[in-house]
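What follows is a pair of complexes built around chain A, which joins chain B in one and chain C in the other.
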Partner chain A sequence: MATVASKLYSDDGSLLVLLLDTNPLFWSNTSTTFSQFLSHVLAFLNAVLGLNQLNQVVVIATGYCSCDYIYDSSLTLSGNSESGRTGMPALFASFLEKLEDFIVKDEELIKEQEHDERIASSLLSGSLSMALCYIQRVFRSGHLHPQPRILCLQGSPDGPEQYVAVMNSIFSAQRLMVPIDSCYIGTQNSAFLQQASYITGGVHHAPKQLDGLFQFLTTIFATDLHTRSFVQLPKPVGVDFRASCFCHKKTIDMGYVCSVCLSIFCEHHKKCSTCGSVFGQSKLDGASTVSEKKRKAPDS
Partner chain B sequence: MSDWQVKYKSTVKDRGARGILKLREGMLLFVPNDPNSDSKLKVLTPNIKSQKYTKEGSNKPPWLNLTNKQARSHIFEFENYQDMHACRALITKALAKCEEEPNKPAAVLTSAEQLSIADLELRFKVLRENSELQRLHKEFVETKVLTEDEFWATRKKLLGKDSIRKSKQQVGLKSMMVSGIKPSTDGRTNRVTFNLTSEIIFQIFAEKPAVRQAFINYVPSKMTEKDFWTKYFRAEYLYSTKNTAVAAAEAAEDEELAVFLKPDEILAQEARQKIRRVDPTLDMEADQGDDYTHLMDHGIQRDGTMDVVEPQNGQFRRSLLQDLNRHAAVVLEGRNIDVDSEDTRSVAEALARVKQVSKADGETTKDANQERLARMSRVAEMEDLQAPQNFPLAPLSIKDPRDYFESQQGNVVNEPRGAGTLKRNVHEAYGSLKESILEIRTKGLSDPLIKPEVAFEVFRSLTQTISTAKNIIGKNPRESFLDRLPKSTRDEVLHHWTSIQELLKHFWSSYPITTTYLHTKAGKLKDAMSNSYSQLEAMKESVQSELRHQLSLLVRPMQQALDAAFQHYDADLQRRAAKSARGSAGEANGSV
Partner chain C sequence: NQSREVKEIDLLRLRYFRVINRLWSFFFFWICSNHLPPHSLSSKAIPLESRKMPQVKIIAKNFMDMVASLTAIKLDKLYNNVFICEAILRSLPPLAKKYVLQLLFIDDPVPCTRIEEWVLPDGLSKHRVAIDRLIQLRIFTETVVDRKEGTCYSLNPTFQKNLQKHIISGGVLPREPMNSNNGIKLPSLQELETYALLQWECFLLQLINSGQGEKLTGISSSMMKVFQRGLLSQRDRDGPRLTESGFQFLLMDTNAQLWYIIREYISNAEERDVDPADLISFLLELSFHVTGEAYNLNTLTDVQITTLKDLADLGLVKLQQGRKDSWFIPTKLATNLSVSLADSSVRKEGYVMMETNFRMYAYSTSKLQCEILRLFARIEYQLPNLIACAVTKESLYNAFDNGITSDQIITFLQQNSHPRCADRVPSIPENVTDQIRLWESDLKRIEMTQAHFYDEFPSKDVFEGACNFARQWGGLLWEDSKRMRLVVKSEVHNQMREYLHTQGK
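Moving on, here comes the complex of A and B:
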C-alpha cells in the first residue's frame, strides 16, 4: 500500500535542501534579528513538511568557516515528542540544538585561522557541494525519491574567491537537473545566486521587506517543481553574469582569459599565473593603435 | 527569307491546315494553301515567348510549338525534321536579335524618356507588388527628393530578376545510349533500317574513338560513307544478337568489320592513362576481385536477357557497365566542338583534334612513370615511420588545482576593516548569534509570525514585480516592444525606419561629391532627412506617456544615424567652402 502511495505522489513530493546563511558578520549588521529570521524559516519548513506527506527537508548551515548538516526530516522520529518548556515541536528543538552546536564549532574554527582577511562572505560553495552530495545519494537510492531542489537563503555578500568552486557546483546542479532557488536577503546583489538560479532554472528573488519573509518564502519557494509550471513566479529582469578575476578577486565584466587554462584576469599579464603559459603581445592593443593612426591620417 | 511547307494547328487535337510558313523580318507568316481558310496567321517574333519541338526519334511527327506572350500556342507540323530544325534555328536567331535591341538604348541613355515600355511596365509591376516600396516611391520620387532613376538605381536587383534574358547554355547531349538505337523492321523482309542523324553520328564518334578513327581512315578512300555506316550497324547488330560465335566468324572474314567489334583500343589506352593518374595507394586489382558478374546466376539484366560475361570470345563482348560509363563520360563532357556541319568527316576530324589536344595536356612530361613513383612515395608516407615532428608544445601545468584560485590570494585587495577589529567583531557577532538562538529556544517562534498588513504588502509588491517584469520582458521573450505599440504608431515607426534607410542610402552613396548634380542631390536629401527628424520628434511627443521611454529607445538609433549624416554634410560643406576660398585666393584650378 505504501509503495502505491509513494508511486502516486512521487511527482509532487519534494526534497528541499535549504542552505541557511549563519554568517555572524552578516547577522550582526542587518535590520532583523537572527531569531526573527529563524522563526520565519522554521515556520516555512513546517509548512513545506505539511504540504505533502512525502516532502522531505534537509537544512545545511552555511557558516563563515564551515558548513554542516543541521537537520534532516527523514531522520527525526515522529514519535519523539520532547515538547519542552516553550511548547516548541521536537523538530525545532533538535534543529536549534544542532544549530547552536554548529555555531560554537564555527567559532572555534575561526580562532584557529590566523589570517582573517576574508570578505565577510559565507562558505556558499561548501554548502552547495554538500547539498549536491546529499541529492546525489538520494538519486542513487532508487527510482522512487522525492524531487530534489535547493533553496539558498543567503544574506552575506558573494565571496569572489569562491567563484570557481561555486560555478562548478552550479554546473553540477545543472547536470543533475536540480534547480537552485535563491532568496537573497542581503543589501547588495548576489551575482552567484542570480547565475545559479538562471543556469539551473530556479527562481531568484530578493525580498525587500524582511519582516514579511515567511510570506515570500511560502508564496515563491514552497511550490513543488510540478506545480511551478502553472504558477507565475517572479522572473529576474536581468542576470548579473560577471565573473571574478583570478589575480585580484575583483568582480569584472570584461577581462583577459588564458587560452590554455581559461583563467580570468582583470589586466594583461605576460604569463598566466595559473598554468604558466606565456602570452604573446595582445593583438588587440596593436590593432587599436593602428586604427588610432588610421583615424588620424585623413586629418593631417 | 525562308519558306516551308507546313501544317498549322491551333491546338494539338486540331486536324490542321496545310500551308506555307514564311519567316520574314520580325514576323512569322502562315499562308494556308486553301485561300478560303481563316487560319491565316501573323506572329511578331518579339511576341514569341518559347518554342517547343518534338524530339527526333520519337514517334511523333516533327512539330514545332510556338507559345506567344499571351500564352497562345501555335503548332506547325513540318514535313521532316531538317526543315523543322532549320526553322527553329532561324526563329531562335530572330528572337535573340529582338531581345538585344531594347537593351541597347537603355545602356547608352538612361533618362526616363528612353526607357522601353517593357521596363516601365516592370517597374510598375514591382511597385504594385510591394506596397512598402510604393509608399517610398510616392514619398520621395513624387516630391522630387529623388529622381525616378536614382530611386531605381539601388534596386536593380528587383528589376533584374525578370530580365535575365539570354542564357548561354549549350545544348547538351541526349542521355539515350547509342546502343539504344534500335533498328526498325518492316516485318516482311529481313531488312532492318537504322535512322542516322548528325546528332547520333556525333554521339557515336564521341563515345567510340575507334569508330571515329576508322571513319577518318576508310572514308572516302576505301569505302563510301554509306558503306561505312552499313558495316558499323551490321557490327552493332551482330553485337546486339549476343551471338559471339557469329561475330567472331564475321570479324575473321572482314577486317574492317572487326574494327567495330573489337574492344576500342584508343579507349583502352585512355583508360590505362587514367589509371596511371589514380592515387597509387588505391589497389585497383583488389577492386576487380569484387567483380562477380562472371559467376553463375550473376550479371545484369539487359534487354530482358542476362548480360553474362562469357570467357570465350570475350574480346567481342562489351559489358553494360563499360557502355554506361563511357556514355556517361561523353554526356558529361558535352558538346565541346563548335562544328555544326552536316559533313561527317569534318565532325570526326574536329573530335579527333580535341582529343589530341586534351591528350597532349595530359602527358606533357615524358617521365610520367618517374612522377608516378615520386607521387607513390609521397602518398604512401607512413605517419609512424616519420621522424617525430617537434611542434613547440607547452604542457598544461597546473601543479596544484588550488592554484586555480586559492594560492593567488596574495594580491587580494584587503578589506578596509583591520584584521584585529574584524576578529573582535566576529566574536561579538558569534555571541549575538548564540543569543538569538537562545532567545528563540526560550521564547519560541514569534507570535504572530507575520502581521496581516505586512503579508498584504508582500503580495502587492510581488504582484507588481511580476507584472512589471512581464511588461519589460514581454509575455514571451520573443515578443518585442513594437507589438505593444498601437498599430498606427507601430506602422509609423516602421515606415520612418525604411524611409530613413532609403534616404541615408542615397545620401551616403552621393559622397564624395564630385559634380554639382551630386551636390544638389545631397542638399535635397539633407532637407528631406531633417524633415523626418522633426517628424520623429513629433511622434515621440504624441505617444502615450508610458510608452514614450521605450519609443525613444527605438527612435534613438534612427536619430543617431541622421545626426551622423548631418554632421558629415556640414563638415563637407565647410571643407568645400574653405577650399573654394583658397582656390579663389590663389589661381583658379581646373574645376572639379
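Moving on, here comes the complex of A and C:
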C-alpha cells in the first residue's frame, strides 16, 4: 500500500460511507423532524450516486446502543426487483425498510438496558469501526476501487465513555488515509467530530440551520477527494482537543498521563489501570496539585 | 524605369552580403542530438525530448464534443430525456459537476465572479475549463442581468428540472426488465462478460485483418468499411495495412476503442437515414440499463432494433429469442458506456509483467492481446495461459516505423501491468522505460529547421553585429567567425534582412 503522506487522487470516483445518527433521544427534541432530515439525506445520496457511475454509497445507522448497515449501493444495483411493489424507487424502498427495522430494534435495546446517568449519545465508535471494516475490505479486494471517505452526520452529543474507541478509530482512519468528514447538526459542538476531521484531513462543518441541509451537504460534502485540492472548503476555526479520562470518562483539559502507555486520568492513581505500571508519589504533588506532571517510579 | 532603378539600388546593397537567394526553398539540417550529456537522460529529462514528437492521436474521449456540436434545438431536445441529463452530468469534469450540483436548486442567475470564489487560486484554469464545457453543452446560459455584476450563469431549465426530479425521486430505470419467471433463462454475469469480451475481440480481429479473416461477426462489410476508415489504409498490392492511428487504436483501452467505434457509427448515421441525436440518446439510455437483466424488444422502435442488432455484434448486448418475444440483455460493455465519457482513468485488471531484462510475460489467452503485444515485442513462445515475449531493439524499431510512439507503448504497459506489478512504483522497470525512450530518440537524432545561410560579409563588424542581432532574436543556429558565415532560422530572416539593409546604408 502506498505510504505517501498525501495521496494523489486521479479521478473523482468515490465510496462514501455515511454514518447516520438515528438516536431517538436526540431526534425527539429537535426543531426539524427526522423525516425532513431524511429527505435531505436521500436527495444527497442520489446526487452522489448520480455524479459518477463508479460512485458507491454505504449507509450505517448509528443508534443509541447499536449500529448496523442500512444500505449498500453496490448490492442493490444487481437485485432491485421488488421496487415496483411499494411504488417507490429501489433506493428508498430498501433503505427505509431497513432503517425502520433498525430503529425498532434499537429502541427495544434501549428499554432492556439500564441507563441511569448515560448521556444521550449515539454509538459513534461502533459505526466508525464498522465503516473502517467495510473500507478495509474494499482495500483488500484489489486496487480497483473508488476512493473511500467517511461522512458522519451526527446530532447527539459526544459520549465521553467512548473516547478511547473513537480515538482508536480515528487513528486507524488516519493510517488508512481515509478522511472523515463530519457534519454536526446538534446544538452543542462535538469534540470527537472536530478531532476526527482535523486528524484525518476531512472537513468539519456545523450548519446553523437545518432547512438548507441539502445545499450544505452537496456544496461541502459531495466534493470528491480529487476536486478538494482546488476548491474552497470550510477550514477548521478551532479544534476542541479535550480528552476524556480513562477512569471516570469525564471530559478534562488537564490531567495525569501515564508515561508508559499515555493513558489519561483525572486524578492521581497508584497504578495505571491500562498497562499496570506502578506510579511513584509525585514530588510536585504536595507542592502544587495543579501541575499535571506525572512520574513513574522504577519498578521495585 | 524608376522602379527598376530602385531595384538596382536594392541589389547593390545586397550584393555585399549576397544572401544565397534561393532562400525560400533552402533547408538547413541542424544536428540537434548529442547535445544532452548522457546522464541527463533520466526520466526527468525526457519530457523535454518527447515534447518535440508529433502527437498523432485519435481520441475517443471527445464523444462529448460531438454531442456539443449538435444544433441548439437538438441539444435542448436531448435534455428532455432524464438519462441523457445524467449521462451528460457524469461526463463533465469534476469541477463542472460540482457547479451543476451547487446551482441545481438555485433559480436566479449566479454571477460569474461568485462562482470563481468557490475555487482556490490554483484551480482557476480548471474553473475556466469547467465553465467552457458547461457553456458548450448549453447547460449554462450566459445572461447579463445587471452591469455591476457582470456575466451571470443560469442552468438550462429543462436540464435543471430533469436533474432535480432525478435527485429527489431517485434513479428510475429506463424500462422495466422482463419478469424472470416466465421461461427466460438468463445467462450468469460471468457468462455474459465472457460473451461480451469474445464478441468484442472477434470484432477487433476482423477489423484489423479484414482481408484474410473469415466472416466472424454479422456486421455488414459496408459498416466494417466505415469503421476501418482511418485505421486501415488500402494499398494496391499488399492488401490493407494498419495506419498509424490504427496501431494507436489497438493500444487504447477497451472503452476508448468502443467510443471510437461508436463515434464512427454515429457519424455514419445520417447516411443510413438515422438521426444522430436519436442514436446518441438511445446509446446513452442503454448505459442506464441493468447488466444481466432481460428487456423486451417490443418496447423499442424499429430504428432502435436495427441499432441493437449492430450493437449485439460488438458485444454490447446479447439478443435472445423465446417462444413469443425476443429480448436483449445489456452487457458490461453497454452499461460502462457512460463511465468512459469522463476522463477517469482505466479500471481494468492488467496482465503484463515486465522484467528488468526486457522480457515480458503476459497472462492472457486472448489472440487479440497476443496480436497487440506483437506490435512492439517479439513473441518467443506461448503457453496455454501465458505469452512470453521479449522487447528488443528490432521489435521496437518496427513499432516506431508503424508510427507508434514510445509514450504510447509505455502507457500501454503501465495501464495493463499485472496487479502484482501495478503495486510497485514504478510499475514498469525504469531501465526498460528509459531504454524504450532512448531507442526512440535514436531514430530522431535529426531535426529539420528551415533556415537561411548568409556569407560574404564586408567586414568583421558587420558580421558580429549580424550575429548579435540574430542571437537577440533567438534565431542564431550556427556561426563560423573565421570565414564569416552564419545560419539563421527562417522566422528571423525578414528582420535580419531589414537589419542588414540598415547596416548597408
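In this section, the second predicted complex is superposed on the first by the 249 of 300 C-alpha atoms of A that agree within 3 Å, B and C clash if a C-alpha of one lies under 4 Å from a C-alpha of the other, contacts with A are read in each partner's own complex, and residues count from 1 in each chain.
As a convention for this text, contacts are C-beta pairs under 8 Å (C-beta built on N, C-alpha and C of every residue); 3 or more make two chains touch, one makes a residue touch a chain.
Predicted, not measured: the structure shown is a model, and the values here were computed from it.
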| item | value |
| --- | --- |
| Partner chain(s) touched by A:R140 [first = chain B, second = chain C, both, neither] | neither |
| Touched partner set for A:Q232, first chain B, second chain C, both or neither | both |
| First, second, both or neither for A:K270, with chain B first and chain C second | neither |
| First (chain B), second (chain C), both or neither touched by A:Q215 | both |
| Chain touching more of chain A, residue-wise (chain B, chain C) | B |
| Contacts of A:T22 with chain B and chain C, given as first, second, both or neither | first |
| Touched partner set for A:L42, first chain B, second chain C, both or neither | both |
| First, second, both or neither for A:L51, with chain B first and chain C second | second |
| Touching both chain C and chain B, counted on chain A across the two superposed complexes | 42-43, 88, 92, 214-215, 219, 232 |
| Parts of chain B lying in touch with chain A, wherever the complex brings them together | 394, 396-398, 403-406, 408-409, 411-415, 419, 422-423, 425-430, 432-434, 436-446, 449-451, 454-455, 457-459, 461-462, 465-466, 469, 472-473 |
| Chain A contact footprint on chain C (complex, rising order) | 86, 89-90, 94-95, 97-98, 101-102, 104-105, 117-120, 122-123, 126, 163, 166-172, 176-177, 180, 189, 287, 290, 292, 336, 338-339, 342-345, 347-349, 419, 422-423, 425 |
| Complex contacts: residues of chain A adjacent to chain C | 2, 10-13, 42-43, 46-47, 49-54, 77-78, 80-81, 84, 88-92, 142-144, 214-215, 218-219, 222-224, 226-227, 229-232 |
| Interfacial residue positions of chain A with respect to chain B in the complex | 22, 24-25, 27-28, 33-36, 38-40, 42-43, 64, 85-88, 92-93, 96, 99-100, 103-104, 106-107, 110, 115-120, 161, 163-165, 207-209, 211-212, 214-216, 219-220, 232-237, 246-250, 260-261, 263, 273-278 |
